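Below you'll find a set of structures to go through.
What follows is chain A paired twice: with chain B in the first complex and chain C in the second.
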Partner chain A sequence: MTWLDADTDIIFSGALCALACSIPGTLLVLRKMSMMGDAISHTVLPGLAAAFLITQTRAPIPMFIGAAVIGIVTALLVQWVRDLSRTDGGTAMGIVFTALFAVGLVLLRLPAIEHIDLDPSCVLYGAVETSAIDPINVLGVEMPRAALINGVMFAVNLGVLLLLFKEFRISAFDPALATTVGINATLMHYILMTMTAVTAVAAFETVGSILVIAMLIVPPAAAYLLTDRFGVMFVLAGVIGVLSAAGGHVAAIVIPEWLGVGDTVTSGMMAVAAGALFTLAWLVSPRHGVISHLLSRWRLGLRIMREDILGILYREQEQADHPTPSLTTAVEAIVRLRKLRPVIARLALSRLRRRGMVTGTLPQLALTDRGRTEAARLVRSHRLWETYFSHQFPTLPSDHLHAPAEVLEHLTDDALRDRLGQRTNDPSVDPHGRAIPGAASGASIDGS
Partner chain B sequence: MSAASIVDASAGSPVSVIGPEHSPTAPVSIHDMTVAYHRKPVLWDVDLDVPQGRLVGIIGPNGAGKSTLIKAALDLVPRVSGEVLIYGKPFRRQRRLVAYVPQRESVDWDFPICAVEVVMMGRYGMMGWCRPVTRAHRRAALQALDRVGMADFADRQISNLSGGQQQRIFLARALAQEARIYFMDEPFASVDAATERAIIAVLTDLKNSGKTVLVVHHDLQTVSQYFDHLIMLNMRVVAHGPTAEVFTPENLARTYGGRLTLLSEAAEALARGGRAV
Partner chain C sequence: MKRAALIFGLLLTIAAAPAEAAAQSQPSILDNLQRVLSLRDYNTRVVIAGVSLLGLAAGGIGTFLLLRKRSLTADALSHATLPGIALAFIITTALGGDGRALVWLLLGAFGTGVAAVGVIILIRHTTRIKEDAALGIVLSVFFGAGAALIKLAEQMPQGSAAGLDRFILGRAASMIAADVQAIAVVTVIVLAVCTAFFKEFRLLCFDQSFAGAQGWPVLLLDALLMGMVVAVTVIGLQSVGLVLVVAMLITPAAAARLWTDRLSIMFPLAAAMGALGGAAGAVVSAAAERMPTGPIIVLVCSALFAASLVFGSKRGLLVRAVRHMHLRRRVAEQHLLRALWEMSENAGRVEVRSTFARLKSQRSWSALALRREISRLRRRGWVRLDAQGDISLTNQGRIEAQRVVRNHRLWEMYLITHADIAPTHVDRDADQIEHVLPPDLIERLEGLVEASDARAAMPASPHELPALATGDRP
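Showing the complex of A and B:
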């Protein structure tokens, strides 16, 4: 692969476009109005056509005014359709944006417009590749026209965001409160709609009107998974957007070579890259990610297994002190756990050994003093829960007490166990007549 | 035929212990207010003054218009007729005097924001447009958190709080508004007993310092204990006055009575197209 100046220009334009989109995009995601971004990025088309029909130029200013007007019109129409026709917001958007988009496509066929190069396919898919061949001279610096437009758009959006930061925050979180303290949430809504429409126009030369939605929504959605801070979310959305632009262009060069197919479109690959980054965020996010959820479930499973093994050994030793006929021995019980969940059981046993809680191997597994202390805590929780349930539900048969206690013992920390002891008046035996370790009147929890 | 005359014809005038004439110094004064969603009337002809320095309960069955009463008073839903005055002037000129606590479910608790930032929103109205949050406002927000026993949770993301803690954050936000009238929509809904005690203690404090507090409430058992003034609502004001006088079995039956009143039949007819009316 060979790297040209043109490639740098393309990435530069794409990155600025992603940055400009990330600001209204983040607000749309937080207001749960992502599809409004989709709707507006389509309805700017008739806005542009109408602006051209009226002014007969393609100059940026009339185009942006046309977009701003159509953005507000779209938002108003969606509101009206929803209020007047008993449809939900999504349905109203579907009705409004397809109708307006179709009107736009028809307008493009009018003879008055057809001769100018408002090419429908360019409108739909964008033409970021052409940014290098369309340079513009700003204060002696030559830069792609798309980069200039998107750069200015980014600066404007950033300015509006910083100026109205707290207003955007309160009207996104609690519009009713915003309105009562004098920050008009409806006005903020239309400011956001205008910002979205104007940004979509700036962006659609770069990524096309269909893919504006990818730049608007996907990076902020990924950022949402990665942070719990309002301000940080904007920064992350910008970073992820820039990475999507760069990654998308590199992929557009490299992947066709690998597959031996012809060209792919950079703007399309930018959307694919954004989707890939979203998937990555979804996998690795520390709090909301799939991997962290799996890991914490795995850790919980491992802890429950360790605690179950300790409990089995403790109860067997207890029975050795006060012999009663027993159906399964501890060894049998642990062997059965190992058959049921071989990997976790093995890991749990080796962890217990390393922590010095058990010694030996099956069938000569034994609790150390440390292990007995830990096990006594657990058995105390279990039997206090049984006592608690028998107090709360006196008619419950005593063989129904075990199952819930078996679950709750793993979720009971020291503070909860102390409160449980207080509520049950710190009994020395459970409803089955077994000793509760650590009771003030009975054996101490150290097992000594 | 006006809404008012329907009320008079079918249900009689609301029982009011307070006189019918309005006082310009009342914290909240509602005049002949009627509210409708689409074509369906929700509140008919509400006409009452809330006296200053009281803890006022708003009770009534589901769909009685309790939340709507608050929202209409705060211009959050449009009124079909009537007006609401806050210390004698329209709400839009008295915003700084009023704090509002919406129902807890009305916001998204997964929003990326921490507790103290939510509380600071209560002070946005004092800051003015485009002005940044200053350190003094942050201090005030932390003090408000401290008053509801949530100082240790200031930097906690709000989805990591329990329902009761979330409700306390909302109360702290209202305190941070430093208002004279507090409108609270179901602050006791699904909170733990400790939170309920903490909230009622703060509300009683507010009342004792001369503030007026209006609370939408559901638990009839605690009504006499919590509130010294009551608005009993079922699409219209069934009764209104000091709790000791209006919280009677007779008024309760009229508020919560199961059978259709002539009034709600008229409302149904209006919703169907107004022919029967």
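Showing the complex of A and C:
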């Protein structure tokens, strides 16, 4: 692979485009209006065609005005169709954007417009490869035209965001509150729609009309999985956008090389790279990721298993002290647990041994003093819950007390256990007549 | 059913209108149109048959899609068919087959379409990302992958990938008889399944949790429905393209929704509108030179929707405007009746005549509106004017007025006893609802309001009537 200056330019332009898109994109994702971005990025096409028909130039200013107008028109039409035909917002969007896009395609076939270079494939995929090479001289510095346009767009969006930061934040999370504190929510809506449309035009040449959506929505959605803070989400969305632009272009050069063919479209690979980063965030996000959810479930399962083993051993020892007829021995119970969940049970046993709570191997498992203290805490929680339920629901049959207590004992911390003791007047026996360890009037918590 | 036929006829004329207008403007187009309408060209016949069948299937299945509020899911999955097409081409070419064989391309499209639906569901269920963003992610990432794969496919040494991008914007003109057969097969299957499972799909659309509680296999039915949506999308790719195929699915269904509240009518109506849109679009684009078929079909469907929005017999703007006007007229009538009744009640006499000026001071109504109302009630024989121009109720008018005032007072008493609203504040609330109280609700009000005189012919007003009302002429 050979790296050219053009490649740097392409990544530079793509990154600026991603930055410009990340700002309206974040707002769209938070307002749950992502598909409005989709609709507007499609309807930009007739806006551009109409602007060209009227002015007969491809100068940037008329194009941007056309885009801003069509953005507002799209938003208005969607609202009207939704309210007048009483359909859901999604259907209204679908009807409006397909109709406008079709108008755009028909306009492109008009003789007056056909000679300009708005060919549909460029419209769809964009042409970052050529636009990035097209240089422009700004104050003596040569830079790609796409970079200039997207850079200006980014600066404008950032300015609007900083100027209206507070207003955007409130109306993103609570439009009703925004209205009550005197923010014009409708105005904010149309500012966002205009911003989206104008940004879509700027990004048009770089990533194409459909892939604008990738840059608008995917990086902010990934950022949404990584943070709960409004400001941080913008920064993360920008970073992820830049990474997908760079990664996308590199992938567009490198991956086809492995397959023995030339290269592929950068804009498409930018979307794929953004998708890959989203998947990564989806998997590894510390708070909302799939892996962290699985891990915490695994940890909880392990802890419950440990506590259940301790509880079983404790109860057997208790029965040895005060013999009562029992159905299963502790060994049988633990063997059954091991059959049910072999891996977790084995792990839990070895963890207990390492922590010095249990000694011996399975037929001769025994609690150490440390283990007994821990087990007594658990059994105390269990029996306090049973007592609590029997106080709160006197009509509940006594054989219905065990099941909820069996669940809650694992979720009860020291503070809750103390309050539970106070609430139930620190009883010494539970409703089944068994001693509650650690009660002030009964046995002490270490079971001695 | 008669009405449905009527509606259909109306739609036919609406759809024909733009075609006729186009025909009048240029004679050459008229010739073209004649040629197209007589179906002389084999190609035109094929295209018209293909897109009409497509419209039939799309309109039908779109009905359920619309009612399940899944319109944009169709948009996402249609974009997601692109990588499937490219992959199918690459794989069949690499295995030495004909990469352009439509069967494999469409199977590939079906595969990634279904995968897209799966990913959307997965994102929604395992993350806190909302539906809209999930759709946007799937749509753009799959489409991006498709764009990249197509470029790769074009560079494969064996086989020519030229024309794969026809699926993006559609190229109906390239349709051949075999394609129409494929469309016909899918259409027949979709319509047959929809008919066979009509009851189940209806339940799924209107009360999914009830369907689940009743023991219907909701997930399976949903999967069947979405599978058919993907199938219809896939057969639509060639003619309207993946960007616009969503319009074939939802626009006719949304238009049909404006004509009826009954699913058993909406389903065939949407299918008919889809077929009509397809056929009319194909005819127009064949007659007008160089006009792309897909966008024209979509525009015809949009025009059908716009016409339905205005003229729709159930939710159309005209019908609603007329209904609104009727209601406003009835409200104004009843206000006048109540004003006259309360004046006579204040005076303690049955026969009361009021001057126009007094009557006008009774409410905040304009002289013009009051005069119009008086003359309207006069025509109905509820109000009469005497020689001096004074106004009084006729016997018939008194019966009507009694009913209105009674509704008003029942509601006032209900608000006072059950909603704990001060007697001085109930007049305005009751003023709004007295006009729309149905008879069964009045019966229940009589039961609820346990005031001693609730069952009397006319309960007394719980608050003082406006003082001005007392002044009448002896």
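The rule is short, and it goes like this: the second predicted complex is superposed on the first by the 442 of 448 C-alpha atoms of A that agree within 3 Å, B and C clash if a C-alpha of one lies under 4 Å from a C-alpha of the other, contacts with A are read in each partner's own complex, and residues count from 1 in each chain.
Everything below uses one rule, namely that a residue touches a chain if its C-beta (ideal position, glycine included) is under 8 Å from a C-beta of that chain, and two chains touch if they have at least 3 such contacts.
Model, not experiment: these values are computed from the prediction.
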{"item": "Side-by-side fit of chain B and chain C on chain A, or clash", "value": "clash"}
{"item": "Contacts of A:Pro427 with chain B and chain C, given as first, second, both or neither", "value": "neither"}
{"item": "Which of chain B and chain C A:Phe165 touches, first, second, both or neither", "value": "first"}
{"item": "Which of chain B and chain C A:Ala176 touches, first, second, both or neither", "value": "first"}
{"item": "Which superposed partner A:Gly438 touches (first chain B, second chain C, both, neither)", "value": "neither"}
{"item": "First, second, both or neither for A:Lys32, with chain B first and chain C second", "value": "both"}
{"item": "Partner chain(s) touched by A:Phe230 [first = chain B, second = chain C, both, neither]", "value": "first"}
{"item": "Which partner reaches more residues of chain A (counting touched residues only), chain B or chain C", "value": "C"}
{"item": "Residues of chain A that lie at the interface with chain B and also at the interface with chain C", "value": "32, 224"}
{"item": "In the complex with chain A, residue positions of chain B that touch it", "value": "71, 74-76, 95, 98, 100, 102, 106-108, 111-114, 117-118, 121-122, 124-125, 127, 129-130, 132-133, 157, 159, 173, 177"}
{"item": "Residues of chain A defined as touching chain B within the complex", "value": "30, 32, 163-167, 169-170, 172-174, 176-183, 224, 227-230, 232-233"}
{"item": "Interface residues, chain A side, partner chain C - complex", "value": "29, 32-35, 37-38, 42, 81, 84-88, 90-91, 93-95, 98-99, 101-103, 105-106, 109, 120-121, 124-125, 210-211, 213-214, 216-218, 220-221, 224-225, 252, 256, 259, 261-265, 267-272, 274-275, 278, 282, 288, 290, 293"}
{"item": "Residues of chain C that touch chain A when the two form their complex", "value": "66, 69-72, 74-75, 79, 123, 126-130, 132-133, 135-137, 139-141, 143-149, 151-152, 155-156, 165, 168-169, 243-244, 246-247, 250-251, 254, 257-258, 290-292, 294-296, 298-299, 302, 305, 309, 315, 317"}
